[in-house]
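Here's the structure, in structure tokens; my notes come after.
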Amino acid sequence: MHHKPALRVALIGYAFMGKIHAQAWQTAPRFFDVDARIDLVVGRDEAAVAEFAHTFDIPRYATDWRDAVNDPEIDAVDICVPGDLHAEISNAALAAGKHVLCEKPLANTAAEAEEMTRLAAEARAHGVQSMVGFSYRGTPALGVMRKLIADGRLGTIRHIRATYLQDWIVDEDFPLVWRLQKAKAGSGSLGDIGAHVIDMAYFLTGQKLTGVSALTETFVKERPLVASQGSLAATAGEGRGTVDVDDAAVFIARTDGGALATFEATRFAAGRKNAIRIEINGSLGSVAFDFERLNEFEFHDHTLPSDEAGFRRILATEPEHPYLSAWWPTGHGLGYEHTFTHEVVEFARAIASGVAPAPSYEDGLYVQRVLDAVERSAAGNAGWVALG
Amino acid sequence: MHHKPALRVALIGYAFMGKIHAQAWQTAPRFFDVDARIDLVVGRDEAAVAEFAHTFDIPRYATDWRDAVNDPEIDAVDICVPGDLHAEISNAALAAGKHVLCEKPLANTAAEAEEMTRLAAEARAHGVQSMVGFSYRGTPALGVMRKLIADGRLGTIRHIRATYLQDWIVDEDFPLVWRLQKAKAGSGSLGDIGAHVIDMAYFLTGQKLTGVSALTETFVKERPLVASQGSLAATAGEGRGTVDVDDAAVFIARTDGGALATFEATRFAAGRKNAIRIEINGSLGSVAFDFERLNEFEFHDHTLPSDEAGFRRILATEPEHPYLSAWWPTGHGLGYEHTFTHEVVEFARAIASGVAPAPSYEDGLYVQRVLDAVERSAAGNAGWVALG
Amino acid sequence: MHHKPALRVALIGYAFMGKIHAQAWQTAPRFFDVDARIDLVVGRDEAAVAEFAHTFDIPRYATDWRDAVNDPEIDAVDICVPGDLHAEISNAALAAGKHVLCEKPLANTAAEAEEMTRLAAEARAHGVQSMVGFSYRGTPALGVMRKLIADGRLGTIRHIRATYLQDWIVDEDFPLVWRLQKAKAGSGSLGDIGAHVIDMAYFLTGQKLTGVSALTETFVKERPLVASQGSLAATAGEGRGTVDVDDAAVFIARTDGGALATFEATRFAAGRKNAIRIEINGSLGSVAFDFERLNEFEFHDHTLPSDEAGFRRILATEPEHPYLSAWWPTGHGLGYEHTFTHEVVEFARAIASGVAPAPSYEDGLYVQRVLDAVERSAAGNAGWVALG
Amino acid sequence: MHHKPALRVALIGYAFMGKIHAQAWQTAPRFFDVDARIDLVVGRDEAAVAEFAHTFDIPRYATDWRDAVNDPEIDAVDICVPGDLHAEISNAALAAGKHVLCEKPLANTAAEAEEMTRLAAEARAHGVQSMVGFSYRGTPALGVMRKLIADGRLGTIRHIRATYLQDWIVDEDFPLVWRLQKAKAGSGSLGDIGAHVIDMAYFLTGQKLTGVSALTETFVKERPLVASQGSLAATAGEGRGTVDVDDAAVFIARTDGGALATFEATRFAAGRKNAIRIEINGSLGSVAFDFERLNEFEFHDHTLPSDEAGFRRILATEPEHPYLSAWWPTGHGLGYEHTFTHEVVEFARAIASGVAPAPSYEDGLYVQRVLDAVERSAAGNAGWVALG
């Protein structure tokens, strides 16, 4: 029954990120003009990856990512493993002529990201595409907000106010999972979630930060070692180890468009689960968003008479909104999962059309440079670090 | 690669409802302990149903629902066509020993629903299961609210306040689609969306209405005839026809638990897209919900000291919440689609376990009787109609 | 220092309502073009009324309301006592040529209200003004909403959805205060708070109800007798007495403009403190309000493109909004108290200009007739009771 | 009729601030155990101040503040003029043995504030009280939040997130009023509104900032000169002048309790009218507040089971809440004005009891030092400036 799809993808990784990418690849062709399918999944634990392949109806599995990179049946590689492996896999895959979708952050260090981006640019010259996985760009509400700004509806941007607030490690006895270890994760809240809001501010406004002044903090400096760890949970074992990444980061910045910006990323905002909040104020209007209510955003049109102006809650579920004509009637919301569906749609369409997709590795590198500047500023007692 | 699944389903219908059911059946086995698959899809337009089968990776298609009912390879039938066909298909399928999942409302008339329910009870005695598709029961937030009530956290229920507000026909020139025709749809806003909130009130509280007093109205009595109609949209042609269903219905009721209730269903609430709002007040607390923010609900615990009590916004995305342990980290919301995933999970699990699923045809019949009472009350100038 | 003001008022009553009226009369001349002052306060307990007069800087006090009515120094009488005394005082005061501001509801029975209104019309013909105290009309947000509707911004009204939700007697051991006794209060939640939303719907839309179908309920039928009672609180004594008023009332209605309406008044909505909620949907837009957030309302403009339409939160604190130019900068909200300031401003301005104030006794009588119809419908098992 | 009150106050200034203080002094004795009255008002324009005295029922007026300071009938001075006059008046009044309530910010420079505070401490040793007017401390919701934190309900504070957002000068042609001139106002958004949130963070948590890194910006550098100016509005004349204060300020900070903090003050947040927003996250819970909804706040109790925890909207209108037992029934909100009523109540009670009031001049000086550090950091390209 299965025809041979135009794009055959190898998925590297099958934990939380791999799972949601798998679901996205399954869903995309059913609702969008995308002819693609995961043909191979890679994971180190053979029994587990075999089970995953069965569950997600993926024809083949392997235990070494090199098998995917070297496989002539594979057109594209989707990298869903921790950041310490991104550079090696991406570089090899692009060299082998495979299109690459790489989860964010692009790399654990700016140096790696520089090299990856250089290689991606070379590959792109030969028609090999690459894209970094800032999945939240696939949120329809953000797409509408971006269009309002691009259309000039906010006028000159004055303020960007972005926070990414979580609370999963507020408990001091939450164990020392890989996301709290610098060797694996590169950084803490900054790279994991701060990266998203840095990209989001750029995606929405098209403006880049020209410098930052930052503070970071590790509130809980030792945590129980992990006894066992699944994709989304862990149990504590005996003994404690050192947390060597940031629990929270705050920074202020200027943009190349003359705006002032504030950013915050934290895993210590008790009660905030996935509060990606961004508000942008301009001379003609404002927009505001919170991912905890992902199907809506607010728009204030400052050109209306002041006695009837106000922040307007717009459900981003209209057929005119990005991606929505493929889905359900107005008011019937989408979920987190669909931001990934839209991400793979963008990637597959770009390959089909030969037009380079966004966000590019250059975009990923920009975010990496900001993360790097934030870390340097924080290390230097909030001193100003210029960018660009 | 495909193994023969434990449950082979025939999907009858492939428009809006068929499409979302197809996606639900695809997704369920990937995230839940469900071994099931759509094996056959039925639609009258052969080219269109073939295309649908291809898109959704369904092995076979047919143009006559009897093919599904008579097919020995089929274990269950999922009915996603308008209400005027429910009775005939359901009755035949159950007689043929197929489990049936039937979209709501169960039927277009109470008489049909009575007969369907009688036959379903007979079939159930022989291990053939049936379920009616009140998909909103699969919303995790509602599941948590139900548990709070079942656990006594609201005490004695005093008030139910339920509205289902849409606005897609506010424009007087919106055409006369099938949902506005009594012969096809049975009723208007009342049966289409009012049915959902009647079931929701029952699902949440376990209390049934003992009588109603109702008003209905058709605000726009003639509309343009339809030139062409897709699954979710239509264009107007020449001439106008008569709308013979209700545009809106309001009613008040008492419950068998001593509460007062108000209900409203309308397609004329400008700006409300899918505002399924329900608030329940009890002697010890209250809960409130709006489907336009489906990943959250509010809970007021009246047993707390009054100086720190208030409505608490709870994100229904915790692993302890219904269905959530199968999904993403806390705060990463689900969408409308997933209520259907959960619905087919319930259906498939019931068949696997031999325990009759909910909502049952009896539940569907209860809703049908309320709809019927509402129509009779409205026809009799809001006179009281008791429900037995 | 004090000059003799143009309008000398006698305040009858000094409990909760008297106190807030006193504050309103003190504040009005400081912020508005109103030259008026309370010259006399009347209460039966001499020590208490003397103390009140001292606190509120009122020159004189008396213990019999007839002293106010007969006093040539008094121009107007402000009636702030329970409803059972309204008719007698109002009728006498108007007969004596005093302008009258009478707290709502106008009377405890429709018959009394009819007579009061007849006498008020006669007095008005001689330049003696009268006004009923639906204080919420003085809420600026409601004034803006009313103007939007009067300007046609909502088009044809389709739905009115009004609730007044409180929770102060949810506890079954809350004592049997005068507001729970028919002889004093006339009715329960219906007359006390339901009256406000009936008036509010009329104030906003200009449409009257043409008939109602209603249910009322007394959830807690016996309560502890009162040991002692202040103006806003009470303590329970020994023994229990019968509650002979409604705890809650719900009703559906039609308006003379063709809209469907739902109303609810209850003191059993746990967690809702003063939730006067009203939403009105029309063919061109909608408005929504909740008194718990009195400084704002929502407006949906359905004539905007659907991809940027939504409910807009408008802070009713702009200088163009009713009464606001007299107050603080935008965004600096007013309180409940100021609705009364605005009420006495309207009353005093009407007397100064000779133009009859609103809401008139006729408006109060209309509300009384609706209350009466609701009670008759509820007594007749929700049967339809026509109005007008 | 008027008795001689225990506390006779001279009000210096009768513009926006003077007016709201006058109303506060009028209201306080009617609702609280405060025996005080404004006996004298001072303003340079004799006709205007005479009119004000008449309107607000103030027995006497003067045109030179020295008359108030030297008047033996005056017990206390309430300073409501721009910041450039604070030091001179306050110092003279305290020297003359008058209690002083001084509007914020304490002074236009830290040096002046130091001297004022030194003199205030000396005066306090002789029983002469002083207080700085951070009026928002009188907001009941903030009082409840403060108590929750003081009671340990938030545990260890991790984050403070404070913004004060306004939009009254978004229009580039809004004229160059005194608040935009350094000579008069001292600073722009920073001193005018930033000062409030700096104090608020301290008031709520009791923690002080140990250092800041800041950026400020003047987005619109030239504005039309003022033709005429009332207390709350102005019209533009010919020509343009230079804006020499900040339009916006952002800064990050650490506290002496180990928390990270972000602050923002701006007059360029289109659509935000008086959005004083503060959120505080601790190890056991969080609180959040927005002055645009001044009668409520949110509290998240992180010690509750995670499946029923969430931000709880608490109406700060319960009799147990600060100041509320003096006012109206629960749910009947207060306004901006009442924060000043509570301020003068605190001041008058402190004088009556002989216990020094809060916020003290030392508190005002702390805020002044933070403002000064922010300005120095911003001048030095966001370099870290340590405090304390």
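In this document, chain identifiers A, B, C and D correspond to the written order of the chains, with residue numbering beginning at 1 in each.
The rule we apply is simple: a residue touches a chain if its C-beta (ideal position, glycine included) is under 8 Å from a C-beta of that chain, and two chains touch if they have at least 3 such contacts.
From a predicted model like this one, the values you see are computed outputs, not experimental measurements.
Asks: If I average the CA coordinates per chain, which chain comes out farthest from chain A?
Replies: Farthest by centroid: C.
Asks: With respect to inter-chain C-beta contacts, which pair, C-D or A-D, contains the greater number?
Replies: Answer by contact count: A-D.
Asks: How big is the gap, in whole Å, between where the Cα atoms of chain C centre and where those of chain D centre?
Replies: 35
Asks: Which integer distance in Å separates the CA centroid of chain A from that of chain C?
Replies: Distance between chain centres, rounded to whole Å: 54 Å.
Asks: When the centre of a chain is set as the mean of its C-alpha atoms, what distance in Å lies between chain A and chain D?
Replies: 42
Asks: Among the residues of chain A, which are close enough to touch at least two other chains?
Replies: Where chain A meets two or more other chains at a single residue, that happens at 272, 296, 309-311, 315, 330.
Asks: Applying the document's contact rule, which stretches of chain B touch chain C when the two form their complex?
Replies: Spelled out, the residues of chain B in touch with chain C are 154, 156, 158-159, 161, 163, 165, 167, 170, 172, 211, 213-215, 217, 219, 248, 250-254, 258, 260-262, 264, 266, 268-272, 279, 281-286, 300, 302, 309-311, 381-384.
Asks: Over in the complex, which chain B residues touch chain A? Could you list them?
Replies: 1-2, 16, 20, 22-23, 26-27, 29-31, 55-57, 59, 166, 168, 232-233, 272-275, 291-296, 315, 317, 319, 328-338
Asks: Applying the document's contact rule, which stretches of chain C touch chain A when the two form their complex?
Replies: These residues of chain C touch chain A: 144, 148, 296, 299, 305-315, 318, 320-321, 330.
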